[in-house]
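Structure provided below as structure tokens; questions to follow.
Chain IDs A, B, C and D follow the sequence of writing; residue 1 opens each chain.
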Amino acid sequence: MLHFDSDYMEGAHPRILEELCRDNGSQHVGYGLDGICDEAKDRIRKACGAPDAEVWFLVGGTQTNRTVIDSTLRPYEGVVAAESGHISVHEAGAIESSGHKVITLPQHDGKIDAAELRDYLETFEHDENHDHMVRPGMTYISHPTEFGTLYSANELRQISRVCHDHGIPLYLDGARLAYGLAADGTDVTLHTVAECCDVFYIGGTKVGALFGEAVVITRPHLIDGFFPQIKLNGALLAKGWLLGLQFNTLFTDGLYERIARNAIVQVMRIKRGFAEKGYRQLFGSPTNQQFLILDNETMDRLRKDVSFSFWEKYDDDHTVVRFATSWATKPEDVDALLQLL
Amino acid sequence: MLHFDSDYMEGAHPRILEELCRDNGSQHVGYGLDGICDEAKDRIRKACGAPDAEVWFLVGGTQTNRTVIDSTLRPYEGVVAAESGHISVHEAGAIESSGHKVITLPQHDGKIDAAELRDYLETFEHDENHDHMVRPGMTYISHPTEFGTLYSANELRQISRVCHDHGIPLYLDGARLAYGLAADGTDVTLHTVAECCDVFYIGGTKVGALFGEAVVITRPHLIDGFFPQIKLNGALLAKGWLLGLQFNTLFTDGLYERIARNAIVQVMRIKRGFAEKGYRQLFGSPTNQQFLILDNETMDRLRKDVSFSFWEKYDDDHTVVRFATSWATKPEDVDALLQLL
Amino acid sequence: MLHFDSDYMEGAHPRILEELCRDNGSQHVGYGLDGICDEAKDRIRKACGAPDAEVWFLVGGTQTNRTVIDSTLRPYEGVVAAESGHISVHEAGAIESSGHKVITLPQHDGKIDAAELRDYLETFEHDENHDHMVRPGMTYISHPTEFGTLYSANELRQISRVCHDHGIPLYLDGARLAYGLAADGTDVTLHTVAECCDVFYIGGTKVGALFGEAVVITRPHLIDGFFPQIKLNGALLAKGWLLGLQFNTLFTDGLYERIARNAIVQVMRIKRGFAEKGYRQLFGSPTNQQFLILDNETMDRLRKDVSFSFWEKYDDDHTVVRFATSWATKPEDVDALLQLL
Amino acid sequence: MLHFDSDYMEGAHPRILEELCRDNGSQHVGYGLDGICDEAKDRIRKACGAPDAEVWFLVGGTQTNRTVIDSTLRPYEGVVAAESGHISVHEAGAIESSGHKVITLPQHDGKIDAAELRDYLETFEHDENHDHMVRPGMTYISHPTEFGTLYSANELRQISRVCHDHGIPLYLDGARLAYGLAADGTDVTLHTVAECCDVFYIGGTKVGALFGEAVVITRPHLIDGFFPQIKLNGALLAKGWLLGLQFNTLFTDGLYERIARNAIVQVMRIKRGFAEKGYRQLFGSPTNQQFLILDNETMDRLRKDVSFSFWEKYDDDHTVVRFATSWATKPEDVDALLQLL
């Protein structure tokens, strides 16, 4: 069976496991107060061109979104997101559970539009009843989006400007950030992200780590008391150095970029393979998730040998499915898949 | 100045004040455990044709919505509502603040559609990822809606059936219920509401009371521990008999129906008056709120003598405004308004 | 039957009902944005000697405590209170429900001790693990306390200084404040309270109003977004002028002080009456609640004609009971009670 | 430097790392729905003698406590715990943050007393005001306690009976459970725990795993919707098989018991070593944490070569300190420590 279901089906990059094994005899203080975490934070600050940023390590994406958003907002504030955003749809109400509304904007290939955001914020401010409404206190975007699409640097700058014109921090969910940075044709770099966003996270779980997300806070004093808020959200890892060690490894010798690139190379082979056979794609995704429109017959045939994700019904005879690659995808698995087309 | 801004600009019906003054020398036990509350509850049960219903008195609408919804839902559940529902837009995030998502469906003149509700519930249940999504645990409707429109008895029964087919309670926000029941052409009675809904509230604040809403729970055991949940939501009135006294008065000798009817009679005079002058209405509202499309010149002229609510911009030359009447609207005020058209 | 159960068994002072009846024909804008509220706020600011204070009106005590405390604290902060404080024991978990721990200190006749508070705060700050603990973000006291006892002006100043030395606001629950101010021998005035506390509330429900509490915020910018936070807590009264009208009346011509004094005069007659018969009191309360130790035989005998509150078992033969008077207590009821001793 | 600060200073038992490396090439479905988790759950059910128990894997202790407690309680319920319980003191308000009060009972060497628990529950139920108080909805104990002490099987059974007599589930925090089971003289086994508790967790983080806690629910239907509640609490690990793999390894060939035993053997050497030199202990702990009373001179001398935890000041000349061993403590480190005494 060939697996293209998601990008978190494999363990860790071998170098991470090597480091883990090498370090296993050592003793460390807990809760991320160790030296390995310090080293990893420095590497991340350097990679972001943000020497004064605060860096924190958490375990997973939903946990990170919940903790960052709840720690930033005041009780009467909500977070603005695309209607297709992960926090809007697929986090089982984690944001609402922490007391905050997710205010949705229309999505355009998974992205929000700076002009629509400005329009929404201005409309809110001018609404005579706005004290009876949820105040937008943060904007959330994901890059790549849930549909694998990317913002351009210009789009990020515009969204950032709208947020700052209205005194609202911009938060970027980078669960798959590496796959965005490694995509062909993007002009967004880690520096762009750090420059545009007040807080963002660099995903490890889906890009070579066993688990782990690195939160980068570029705006000073954005969040007070973040340590106890991580703790009370159940997001403080006792053996915090395990997170530091993984990010330290990923941010050494360009490993993070390199392994993300593999996912892109392999997914593009898949994309071309389907295109050559005449299959259409739903979004023009340049990243490691491809959404393809298959006739049901082909879909059923492929499923005998390949696992991939159902996305949605397209029409009575066609279905949208998702193929995902990862840092660990083997070229020979893609070869085998292409043979089956 | 003539006031048609809203239906909560006046104090209480004189009979309520009389009762209040008459009772003022008496002493009562607190928290709604007094005899007047008991009497009022009995009258409400009778009026609803629901002899076994539980009845509780709370102070205001947002408080009631928050307390009922949070007390019914499990932590991983949300409440389904029209995108224009009061809890979706104008309660400053009260529902989310209590930990629950408001899941929105499209509104059609302020109403949700039974078929769309069924479709949404079925799609949710069949979604492979539904354990990562917010489970719909209650349906919220308002009657009249925020746009003054009404469900038919048949529509209510259909929505009720959809909810019950999916094991979800139906909750009706009756802040303006009396104005719905008193409307021309409606086939919905208090009995219909009690028959279709698992829990609903009968609004007092907007219909003759100083304040107060009566929650009616027709489904046994729907909510456990409602008393402490009212208390912890800050919704327990120390002098609970003040609520009982008001509802007791409203439900004596048909006062509640009678005074609601006045609002309808007066609003229909306004509606006809505008129609005769050629002004259009946005919704075909049969209740005490009328949404009219005025050219800006007329709007500005009227504003010198009349206060009413801005609703939304219609086009560059026209504006949608709201005229509301209440149980207390004086015929002579409407006369004066009609003179100004 | 004679009733000395509590101080919220009667409606409102007749002058309030008169005002209510007089105003009932008028129309007002909602949510406390009306002119009567403005006038009442001015009177309260003047009475407190705090011309720059913010004043807000809420409906009841638990609601006020929940809204003020949750609006002030950050998510990782708790509120320090006496173990016997109302928020610690008798609010059904309202504070915890809003996400915050009530951190308890020992009570001494219902009061906290400034030195113990300082000791607790210093210990917290020096605890190496304090980032794993709940940060004290506010101090709550009640005056009179739940046991009817009073702080001296000096005690309030000491507690205030401790709070401010540690950067923590002091909040005073004044549900029965008037009875404290009217007590014999107290040196605490409204000016003292306003000077020592960053935020406090002046109780109306128990002192002549149908309902209502006036929140006074003396520290600028203590709470941001208080209006929407009142709303989302379900604590915003639609007909807000009803609160303004009541406080306006209470703060006209010294009504508030005068009617509180009646409660003290009457309760002292009760106190002396029991003392003369040899009954002991549990606390030396100078306010409108008296805690008496009765032998069970006497208690049972009295109960035939008088209702009062069970407080706690004292020993096998004795019980502690509470007698409460109010602004409305009639001298002839006290006469009748004394006859029964 | 010798480290006896805590029991979570080391990585994982080598066999776990071996398994991790061996499995690293494989692909798995996420969220704990994989076969390794199934296998691990079976082993745990077997070890507990609870073939029908539900087993779930979470990442850390605070997260587990928060998620289990919030998922079990109704909004108006709190959890009863010792005043020294981890949830009472050292979880930064995680329980309150989820909306629930921690109701504290006195601790006796870190334990609660069955008779005091019964007394508290009965007093609550008979309190006329209990609807204004937080209802006890669960009892929390830790075994070993935060002071390293242990319940006897009889004590557990008594507490369990009290809980069940009052319809309240018993929850046991087993962060260090293995060290309790491996202690000399205990009559508590995993079977005892499963028999007495409605839900408990078996700690992995402190006993050989990199991270991970196994929640065992023995009472059917105790928690509904646990999966989405794990998710919304940010506690769902994407690569869930990493947890299954670790517990599978720990519960193979008695590894879990064996490595816990090492901690006991080593800590007892330390205990005896200090005792022989005349140092006293604060609690008679039979587990891997020893609380010793050192004169300050000795403490300062030892600190040059050994790290251990400050616990509290004993008197002006003495300090209580904690020495902790773990599954990974090396005999030669203990040798070196003993040399220093």
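FYI, a residue touches a chain if its C-beta (ideal position, glycine included) is under 8 Å from a C-beta of that chain, and two chains touch if they have at least 3 such contacts.
None of the values given here were measured: they were computed from a predicted structure.
K.L.:
I want to confirm something about chain B and chain D. Since they are copies of the same sequence, is their interface symmetric in residue numbering (over half shared, so same) or not (under half, so different)?
P.N.:
Over half shared, hence same.
K.L.:
Between chain pairs A-C and A-B, which one is joined by a greater number of C-beta pairs in contact?
P.N.:
Looking at contacts between chains, A-B has the larger number.
K.L.:
Among the chains, which one keeps its Cα centre farthest from the Cα centre of chain C?
P.N.:
Measuring from the centre of chain C, the most distant chain centre belongs to A.
K.L.:
Between chain A and chain B, what is the gap in Å from one C-alpha centre to the other?
P.N.:
42
K.L.:
How many angstrom between the C-alpha centroids of chain C and chain A?
P.N.:
Centre-to-centre distance between chain A and chain C: 50 Å.
K.L.:
When you check chain C against every other chain, which residues touch at least two of them?
P.N.:
Within chain C, the residues that touch at least two other chains are 75-76, 91-93, 97, 99, 131-134, 228-229, 231-232.
K.L.:
Which stretch or stretches of chain A touch chain B in the complex?
P.N.:
For chain A paired with chain B, touching residues are 75-76, 78, 89-93, 96-102, 128-129, 131-134, 310.
K.L.:
Would you pull the chain B residues touching chain D in the complex into a rising list?
P.N.:
Within the complex, chain B touches chain D at residues 70-71, 74-77, 99, 131-135, 224-225, 227-229, 231-232.
K.L.:
Help me check something: in the complex, which residues belonging to chain A touch chain D?
P.N.:
Of all residues in chain A, those touching chain D are 3, 5-6, 8-12, 14, 17, 20-21, 23-30, 59-67, 91-94, 97, 205-206, 210-211, 228-229, 231-239, 242.
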